[in-house]
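Sharing a structure, written as structure tokens. Questions coming.
In this document, chain identifiers A, B, C and D correspond to the written order of the chains, with residue numbering beginning at 1 in each.
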Amino acid sequence: MQNFQPIINDIVNETKRQKDKGKVASYIPELSNIDPNKFGICILDTNGIEYSAGDSNEQFSIQSISKVMSLSMAFSMIGEGLWKRVGVEPSGDPFNHLSLLEMENGIPRNPLINAGAIVISDILISNLKNPKSDFLKYVQGIANDSSISYDEKVAASEKRTGFRNYAAAYLIKSFGNLKNDVETVLDFYFHACSIRMSCKQLVKVFYIFMNRGNCLQNDNYLKLPQVKRINAIMLTCGFYDEAGEFAFEVGLPGKSGVGGGIVALLPNKFCVSTWSPGLNRKGNSKLGMLALEKLTTDTGLSIF
Amino acid sequence: MQNFQPIINDIVNETKRQKDKGKVASYIPELSNIDPNKFGICILDTNGIEYSAGDSNEQFSIQSISKVMSLSMAFSMIGEGLWKRVGVEPSGDPFNHLSLLEMENGIPRNPLINAGAIVISDILISNLKNPKSDFLKYVQGIANDSSISYDEKVAASEKRTGFRNYAAAYLIKSFGNLKNDVETVLDFYFHACSIRMSCKQLVKVFYIFMNRGNCLQNDNYLKLPQVKRINAIMLTCGFYDEAGEFAFEVGLPGKSGVGGGIVALLPNKFCVSTWSPGLNRKGNSKLGMLALEKLTTDTGLSIF
Amino acid sequence: MQNFQPIINDIVNETKRQKDKGKVASYIPELSNIDPNKFGICILDTNGIEYSAGDSNEQFSIQSISKVMSLSMAFSMIGEGLWKRVGVEPSGDPFNHLSLLEMENGIPRNPLINAGAIVISDILISNLKNPKSDFLKYVQGIANDSSISYDEKVAASEKRTGFRNYAAAYLIKSFGNLKNDVETVLDFYFHACSIRMSCKQLVKVFYIFMNRGNCLQNDNYLKLPQVKRINAIMLTCGFYDEAGEFAFEVGLPGKSGVGGGIVALLPNKFCVSTWSPGLNRKGNSKLGMLALEKLTTDTGLSIF
Amino acid sequence: MQNFQPIINDIVNETKRQKDKGKVASYIPELSNIDPNKFGICILDTNGIEYSAGDSNEQFSIQSISKVMSLSMAFSMIGEGLWKRVGVEPSGDPFNHLSLLEMENGIPRNPLINAGAIVISDILISNLKNPKSDFLKYVQGIANDSSISYDEKVAASEKRTGFRNYAAAYLIKSFGNLKNDVETVLDFYFHACSIRMSCKQLVKVFYIFMNRGNCLQNDNYLKLPQVKRINAIMLTCGFYDEAGEFAFEVGLPGKSGVGGGIVALLPNKFCVSTWSPGLNRKGNSKLGMLALEKLTTDTGLSIF
């Protein structure tokens, strides 16, 4: 594998030159108070060599990136039966996510949109003894890092303002596609989104999707076909309404969160994470997107 | 005014001959247990003369018919400001009522769909000291009949199963168009829907819309322009996705409920109510629709 | 009947005081060149007495008002079978008229939206020997006025720019709900819309809907139930996405056109037309709407 | 590279055992008359070694597969400006493709749905001297095979019945996103879809997307970033509403057509085409999908 340090140093320099750093998410105080000048990046290659620059040790709220981890845990527990409860197609439509649910009888289009992750949360609750602590242990285990934790303040804020998620959950419930009650499911969901990690921790978790299901310590978490499926879903559905654009510009499976984190990977090669809190119009980290475009353009590394 | 007794006797006979009486609502036990052979009809003319036949004294769950009464009370209390919170256009689209909310930024299309009545409930809660008892007294007052009451069992059942209404309420809340919390608003809404009345009681309440805002005891409840507006809304929006069909076949402003009740009126002439629990495909009482069609066809009385 | 002259004089004075006269339709030169200060009004009562003021003798392009006349002719020719080809429900959704067609398998929601009038045109073509001249004679006959004519320039302009109507027609055709070819159907449709009439001529044509199907010369054109149905459709569907608003503010069945004309009626009482080329945001004549609101408010005449 | 012959022999045997071969497209006679038992497969690896089995020499109507070729030609001619006229996001919504156009002001979601390919056709017409013959020569050139030709009968049949494509084209035209007239654009579009090729010819054409823009004869047709972008679009949008499913099950960029053809590729490794006329519920070749699933599962070759 190549030495990624020069390119990520370049990227950090380029992001510093950018005047428009996007707009920090403002719907809860815990997110809106973040310094918009933060930028971190970390690459972990298949041999376990780590390259990093900027604020790569600072933890941030991973938000929707957690959807890949809950999908991973649920998929490894119940297998293919999962696809009876949630689809694998891109959501396509930028707005109207509730109307899509209505048209499709309460089966969310895919597990990486809010509605889909709510169903995945319901599956985990039905299959775990202590859902919230079991899930956190699962994530800590993959990263081999017990400092990863929920942010109770963020979870509480999301709960107070997450009316749209309540609407989605009740709509799914009206179609019979939630087995547990809405409050329990959303409590889990909001906690999962509140997990804090740094860029360095994120690449360790996503190492399993790059490395055929095995983490750095070589424990197996997913079968190879499962890994491929999760990667396919990340590629087609991982960036809200910008999934096509990301596949087009970057060409790697990945996932973003409104906390400003992005993580992406090239199977059997490397895993990369970025963090910059300012978002573009579509809700993805502005500088993170630029960084990943530059990375794949300059190195020529992409799945295509 | 003419003698309506012969025509309503005819109607009762004709409904008895009908083999297909529609399908009784089954989503809560309190509605599904009703005898599908029940049929009542009552006409109250502008002079206060009452004509009735069949099970016109038996109380049933008025359900969505209550939406006209809560609209009436809210409109009389806050006036034209009400139309900033809810529209006056037919909903048009048979399904996707939530997606319409999304496209229109949380302003329900009209006050007679569930989403609209939820907003009206919110307005009443903000303006009444004891919302549930004040609203019941308002209805009892118009009818001059203190035997009208909530059905607590029905309200509780609706609450247990009304996930779609929860979804609508949270979606409206997400747009900032609910001031009170969702539980309080829906508790009021489910109670209003649970009110029990007979055909004879219903025509007394709707007498105010036929008689320029004045009830039988001659107390004034609404100004004339307000009455006209409520009648216009009933005509264009009173029958779910069958509003156009009802205006077309019957030609009277009115409102139906899934409990099998229908009430309609010809301004300055008469008010009519029917009750038959079996519903057609669109959720309106099957025999009630037939009865009103026959009434207006045989008498030639309609607003057109 | 009352003397309407004072009220219509008042209305003309009030419209003169209005500074914002709306925006003249600009998509074809023939419409955009009209003087925005024109205003005409005419009332014809059930006894045949005519009251008029302003530019009530000047002919203008009636545009969508023609949809009521083609509906009337088709309905009188093929009767109830017409409702298999077109619905009677308000379109509700302000935009997406094509998507509604898709969801409803090519059956337009009602005969007064473009898609519905295109189907009505197809029906007339299938049932008339010389469709365009027969239809014009029908309109001339009702008004007893052979000076009513097509405006060939307007029809040609509409054809050159009417891509959206072509899209609707081909979509309907794809569902099998057009029997004739698209070019023929749209040629008829664009001609019907291009008819020129004055306010005075318009009330004579719509007299049949006010007078139980009989024109001023007492010839019968429609059966009473047919008249009632057309009036019901005008009330619920006659004003694009402002139908509910119009029923709510004015309370009369009617129809508007982008040429700035509006015609409305109170059954068995009177028929009224206005013309003012400036349109409001919803595509209805701004001053015409004001005039009709004032008329019904000041006289207290409405169907509600 | 590995020897693909054994696996494709296995695949042919397995397809022979399948009883349900899907449903042959029936909307035009030229497609409906094809023998449903036909099955061909061909693999061309990066070294130019060809493996084939079954009816791999028989030509069939490539239909929507042509959309990738017209995209390729237009992209190489006008570059990034192309993305102002058409998007790169999956269409998501299974039905309502016209309503999506309406919401997005006439910019089709991506170049591989009909609406998008119609815009691409318009671009080619504006940029080619003899659009139809120049495009055919372009395809023949890549494949180094002048026997590739249009099927005039198929083109004529599509024209006679393609009302939905007319609707889409006129809708796009109404938004100003077609520069040429609809008849000219659709004549080109229907011809492109009518191209006939065999499995062996198809892999030669798609070799350029697998081989960094260079064909077997080593002529360059596209720059590397352009190839990557087209591959990304094929992966996210190449299989109608089954794109997510295909990425998920097969994990290769590709494109299908209603004629029963599918072509897919693993960058820098191989290109594969299948042909079996029976379609699944989503409009993709049933046995072709099975074949490609088996190929990637058994070989472990995929982009993920």
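Throughout what follows, contacts are C-beta pairs under 8 Å (C-beta built on N, C-alpha and C of every residue); 3 or more make two chains touch, one makes a residue touch a chain.
None of the values given here were measured: they were computed from a predicted structure.
Following the contact convention of this document, no chain is adjacent to both chain A and chain B. In summary, the pair chain B and chain C forms a contact in which both copies contribute largely the same residue numbers, shared numbers making up over half of all those used. Inter-chain spacing, taken between the CA centroids of chain B and chain D, is 55 Å. Mean C-alpha position of chain B lies 32 Å from that of chain C. Taking each chain's centre as the average of its CA atoms, chain C and chain D sit 47 Å apart.
Shared contact sites, meaning residues of chain A that touch two or more other chains, are absent. Interface residues of chain C facing chain D in the complex, by the touch rule stated above, are 95-96, 98-99, 102-103, 163-164, 166-171, 173-174, 182. Taken together, the chain D residues at the contact with chain A in this complex read 87-93, 100, 109-110, 224-225, 227-229, 231-233, 235-237, 241-245, 247-248, 251, 253, 267, 297, 300, 302-304.
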